[in-house]
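Read from first to last, the chains carry the letters A, B, C and D; within each, the first residue is number 1.
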Amino acid sequence: MKGSPHLEIENLQAYFYASADRTFVRAVTGVDLCVMRGETLALIGESGSGKSVTALSALGLLKGDPGIVAGRICLHTDEGPRELLAGLDRCVTIERTPERPLSISKNGPAWDRQQKRNFVGVRGKEIAAIFQNPRTAFNPYLMVGEQIVENIRLHTPTKLYQEAYDQALYWLERVGLEPAAERFDNFPYGLSGGMCQRAMLAMTLAAEPALLIADEPTTGLDATLRTAILELLAELQRNLGFTLLMISHDLHVVRRLAQRVAVFYNGVIVERGPSLAMLSANDIPKHPYTQALLDAQPVRVSPKPRRLIALQGDVPSPIGEAAGCRFAPRCTHAKGINAKRCEHESPPFFQVSSDHQLACWLYTDSKEVSVRGVDA
Amino acid sequence: MRTRYVERNLDGAQSAGQSFSQTRRWWDTAGIAFGVLVFFVLTLAFTASQFGWLPYDPDQADLDLILAPLGSPGHILGTDFFGRDLATRLIVGVNAYFLPALGAVAVSLTIGATLGLAAGFRGGPVGLATHYTCTLVEAIPRLLLVLFAVTVYQPDIYHIMLIIGLTGFPGLATRLRLRIRHLREQSFFESALASGVSLQTILFKHLLWHHCRPLFLIHASQAMGEAILFETSLSYLGFGVQEPTPSWGNMVQTGSDYLLQGNFWPSTLPAAAIAITLIAFYLFADAFERRAQDRQNP
Amino acid sequence: MKPTLLKSIVLVCLLAAQAFAIVSAAESLKGTLRYGEYGRPATLDPITSSDGVSLRAVELMFDGLVSIAEHQEIIPALAERWTVSNDGAVYTFQLRKDVTWHASAGETLKRFSADDVVFTYRLMANPKTQGSLKARVALIKEVKKIDDATVQFTLSQPSSNALALFSLKIVPKHKIARDFLTRDDSFVQHPIGTGPFMLAGSPADREIVFVANPHYFRGAPKLARVILKPFSDQNILQQAFKFNSIDMIASVAPRDLQELQANPRIHLAPYNTLSYSFLGFNLRNPILADKNVRRALSLAVNRPEILRSFFNNQGLLISGPFPPGSWAYNLDVQPLTFAPDEAAGLLKKAGFSAGSDGILARAGQRLHLRLRAPIAKENESTKRVVLAYQNYLKKIGVEIKIDFLELQAWNDAVFNRNNFDIMFGSWSFDDAADISTLFHSADIGPWKNNFGAYRNEKVDKLINEAKAAIDLNQRRAIYQQLHQLLAEDAPYTFLWTLTDYAAYTDRIHDVKIHPFRFFADVHTWDAIEKNDANKP
Amino acid sequence: MRIKRSAIRPIARTLAKELAFTFALLVGISVVVYAMLVTAPNSHSADLATARPAEQTATPAYFHWLAGLVQGDLGNTSRSGGLVADELIPAAGHTLFLIACAMSASLLVAVPLAVCAATKRFNGLSRPLLITLYLSSALPSFWLAYAAIFVSTHYLDYFPVVDGTNIDWPITALATAILVLGSGLATTAARELSSELTRVLSQEYVTAAVAKGACLWRHAYVEGLLLPILEIAATRLSHVIGACVIVEQVLNWPGLGRLVWQAAQERDTHLVMGAVLACALFVALAHLLHRTLHVLMNPRASHMGY
């Protein structure tokens, strides 16, 4: 099974309508992504670049109007593939003609019902998630243990309370929360952030999910705890073999955990490839943005002292349409001869090695693989 | 139930037949506009009655034209049980609320602001004391308190309105306390103090004026509505504004004597006036509240 | 489609409820008279109660030694017959021997005897007793039991009309522990009497049920039960009557008369109470001390118009201080006419001239008067009259400021603090038509009836003479003189006496309403059931 | 609900605090009422407050009065001379019954409305209903009651007022009363509930619960429905009692409201005082009950101050 696709996302587009200005916020404009079974894929990028929107779309939890407007998400389960966005085209119509502005019409309630059908048996079992702030992700009115028991009884054959209780204790111990019986009775407010995230892992993994989405699981934690949690996550993944889709700002973390990386910038993926290759400072071709990310990263052991280079300029507003490369205004290479092309034409993906693609006009000599996105 | 989202044409040219999904924002604007309009009309009526710009003398009875129906010649809105012009009395009836109700609102705003500020800023025992005061005041039903006051003091309507004002503050105090406490938790004071602003400026200018202004407006419009309803209830019980001075409340009350016989205009008109005013105030408060929330967390 | 569905659901529910109500009502309504009152009775004993609702209910349960028939003749009640000594000072009553007190189930019947009569009168004379009727016993010097069936009263001074005093209701000695009665006595909560109906339950109940007294000495009542239903809203009371929730209302609001008259199912019974309405002047105000001003204010009011517009002409204009149904009323004195010009002339004569704002003024003082009116009951007609008065006076340049006060506050302002210029009120009289306290200068003071501080030596003298007069004719002559005098002197603007209408449905038969003791003949009334009794 | 043993102590401590608070509240109420009695210009009311003890200083007089109250001695009505308590208790029973009916009915309407509004479902049905409620809550309640009676008598041929006989089956009167009393309550409840629900539904823990495939309502109902409902019921009680004064007048409901109005007209200070104290007691007890349930249901409550 290993090596086969687990989650395929094709041309995902999600917009939000800013009613005040009557414009669309283009959260994600044509994302293509494939998560392989058993691997760890990291999504990196700045805030607002569309990582979380992509992850939430896979969970069917994206809120807002109109939300997902196009795309395909396919989840490969043991029973076969499942289209998680099935029926989207029936609920959404996109009209765009050169003389009229973009108009999207969406049957929200129908889509909600459709989503519900699409996700029967998926959430928690096939795809589970842990969130950035574990303390607000736990229900404050229920004991931590009760919530684990609930998850166990929902998703595993264990239905008896007592059995589920024992399993919950086992999982609590497994993630290092001891004494488990006491932790079971804790309310979320009674646990520290690190303990909460452990409990969260216990709860999520107790359901034995096939795919785990971890949305910046360590951002809210201290540096020391961060490592411990990541170690735990890595260890659990090794032993349980679930697929991990991780969102992170932290390139160190990504390098440590992820096999592959996808770099988001302003609603599109600009580069995807193996993490070790992409995130090391060697001479492998990189997207200028990835390079900029690396340059802004302090390096623990560096051969020679190096100045951190902050990226100049701001992320272009996701509001309104953008022609050309999204990164062009900030790109150091988009000067001179390239400038015109960078500013007016959207770059397609270019294959630089077997599993490494990037979208930049710098690499026009490489093989073009795909052109996607309504904006193209 | 399809919702249509249309982007603004970037050239600014609007194509024909566009429909917008924008409802809430529109409603909020409409609510605020409606509230302002009603307040404007009320002020106009108040001015008119102060300067005597009235179609008739509000006390002038025409015994031959008792209970004239709607649209009678000369009396567009008809006459009451005493042959007095209803339109005139509706206009003059505003007087009964304008000053007493505004007074009540002012009293409750002052007390509420002081207590809310103290409790939110200080917390601890002061917060407990404020909570106690608010709960105490809310524990005694206001109408019963007024009836009790009527029994022991025999107050007139101005004093009754004063009681209503004095007991109207808990809502504001509580909301203000929560708001200020929320700000305090966000290190609002520390950052302001650190930037060298004096405490007074922080309290009154930043806190009360910039952050809590919507709360005051919301409370004022709600309290105004409450005062009007109170006067109406008291009129029914016989303790409100007394004839011949018209108030909407006593107009509803005297008119309702004829309602069950089918003459429902004399009471329905002022009742509708009350309802429209109240709804305007409520909508205004609601819209304003949402606006304020949007501004705080867009 | 939706509203229809909703409406039909509501209808089905209501019909079910109604069906239930009919079934249970038909069961329980047999021989029952339900009458509605505006307001609850305070107490149901004859001594401490004073409001109209209570007094009507008291008629159901108690009797006096004598009773007063419709045209004010004295007829026997608990006393079979009586003798009066030649000097008119000693009254000896022979009591009936077949009268028993109400008894609850299991209690043995207790016979009514002379002891009860003596007890009652002594109780009334006791200064600790609360009550509004104590003036009745002021004249009685001594009461003495001769034997079980004979009582003798000695009056402190002979009186022509003394017999009427003995209509006082008798209370049972064996139920009252002390020799005085206040409202906290247990008897007040559980009163019993000798009358046609006895109280079942307590006066504090939401509805007060009286059941027939089978041992009533004038014959057992035909009605099995009488139920008093208090209402707190007069409009609702009228509606309840229209919708058969009650069978009788004691007094119909003038605005409902026409509608009820048109209803064939409803009978209206007019009765004239001995009462009249008036506007009283406070003569402490120097402006009103001037007789011309008072007369002018009276002449400026178009009383026939008010009577026509507001009361459907259901009343009679009066000219003087006696109710027109009374023997003392002087029919020769004509009611004042509506003469605004004459009024204006009188005011001019009194030194008033029109000011800049159209209001008359004298020596810089505007003719501005404060009128206080009660709004407790019947507030609507009071309101109309007072507002009309204000309008009439405005036309001749007199400014009236109206204060409506609830009854208690009004009583306090008028009778205690005398804080008013003009008051609107009405007097109700019993058969004695005694106006001596209203105009005698000795009755000026807090809580006294001459609230306007009216002082006229001639009137004082005539009142004193009338009190001393034994002969009814002589007394009538004096009263007629008094009537004329007061009509001219105008301490009040005498307005009118109104015809009250009782209304009852055709369930109730043989109704005879006593003008001022509503239920005096209730034992002859009857209720006949019809199948559709619950349909309006 | 399972309560952790170690949580019992803070909960008990919080409850004890709430009890003390309620006690202080009751004392405060009695002080307010007493102060009003003492400062009354009307000699009768002042007598009531000061007449009991031999010594005329204010403090002991208050305690004598309070001792009387605690023993249930509210004095006698000046109207009928009966004990105030005897009149108050049945009337209070009727009023509480009415309030209980009106509250449950309006919550029955308000909860689905709020859920619809918060989840943006069935807008076509819930919006007009909400607007109707809004409108009716802005109308003077006695006018509304009159209008209801008018409609009932003229179009349904039924007279929906308690006249005494049908008190034991006062379905129609109850329906009218609920309509009038409940419209305002339902409006407030629907508004507050829907804003609270909207807030709770966007909480991260609710999203997380959905993400793990659990039932949304199992996680959202405590904070989104139960606690706000409790809060609304406890805080609106005082308003509803006030509204009862009017409704009972019109519908002739033999409750506290009608009693207190009659007493106010007759300046029956004892009775009005008794009614005010009784209502305040109900409100204070409702407050205590609300706090107790809140502390039991919300594990964080015992760790929060004012």
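Just so it is clear, contacts are C-beta pairs under 8 Å (C-beta built on N, C-alpha and C of every residue); 3 or more make two chains touch, one makes a residue touch a chain.
Bear in mind the structure is a predicted one, so any value in this text is a computation, not a measurement.
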{"item": "Chain A to chain C, fewest steps along touching chains", "value": "2"}
{"item": "Chain closest to the assembly centre - both centres taken as Cα means", "value": "D"}
{"item": "Farthest chain relative to chain C (centres taken as mean CA coordinates)", "value": "A"}
{"item": "Intercentroid distance (Cα basis), chain B paired with chain A, Å", "value": "49"}
{"item": "Approximate Å spacing (C-alpha centroids) for the pair chain B, chain C", "value": "45"}
{"item": "Chain A and chain D: spacing of chain centres that average the CA atoms, whole Å", "value": "50"}
{"item": "Rounded Å distance, chain B centre to chain D centre (Cα mean)", "value": "23"}
{"item": "Of all residues in chain C, the ones touching two or more other chains", "value": "235, 239, 376, 406"}
{"item": "Numbers and ranges of chain B residues touching at least 2 other chains", "value": "154, 238-239, 256, 259-260"}
{"item": "Residues of chain D engaged with two or more neighbouring chains", "value": "146, 149, 153, 249, 261, 265, 267"}
{"item": "Chain pairs in mutual contact under the definition given at the outset", "value": "A-B, A-D, B-C, B-D, C-D"}
{"item": "Complex contact set, residues of chain A against chain B", "value": "15, 17, 19-24, 65-66, 99-110, 320"}
{"item": "Of all residues in chain C, those that touch chain D in their complex", "value": "10-11, 13-14, 17-18, 20-21, 24-25, 28, 34, 36, 39-40, 42-43, 48, 182-185, 188-189, 203-204, 206-207, 227, 229, 231-233, 235-236, 239-240, 242-246, 376, 406-408, 536"}
{"item": "Chain D residues touching chain C - in the complex, by the definition given at the top", "value": "76, 78-82, 86-87, 90, 94, 146, 149, 152-153, 156-159, 161, 163-167, 169, 171-172, 175, 248-252, 254, 258, 261-262, 265-267"}
{"item": "Touching residues on chain B, where the partner in the complex is chain A", "value": "1-10, 15, 20-22, 24-25"}
{"item": "Sites on chain D touched by chain B in the complex", "value": "21, 24-25, 28-29, 32-33, 36-37, 40-42, 45, 134-135, 138-143, 146-147, 149-150, 153-154, 191, 235, 238-239, 241-243, 245-246, 249, 260-261, 263-265, 267-269, 272-273, 275-276, 279-280, 283-284, 287, 305-306"}
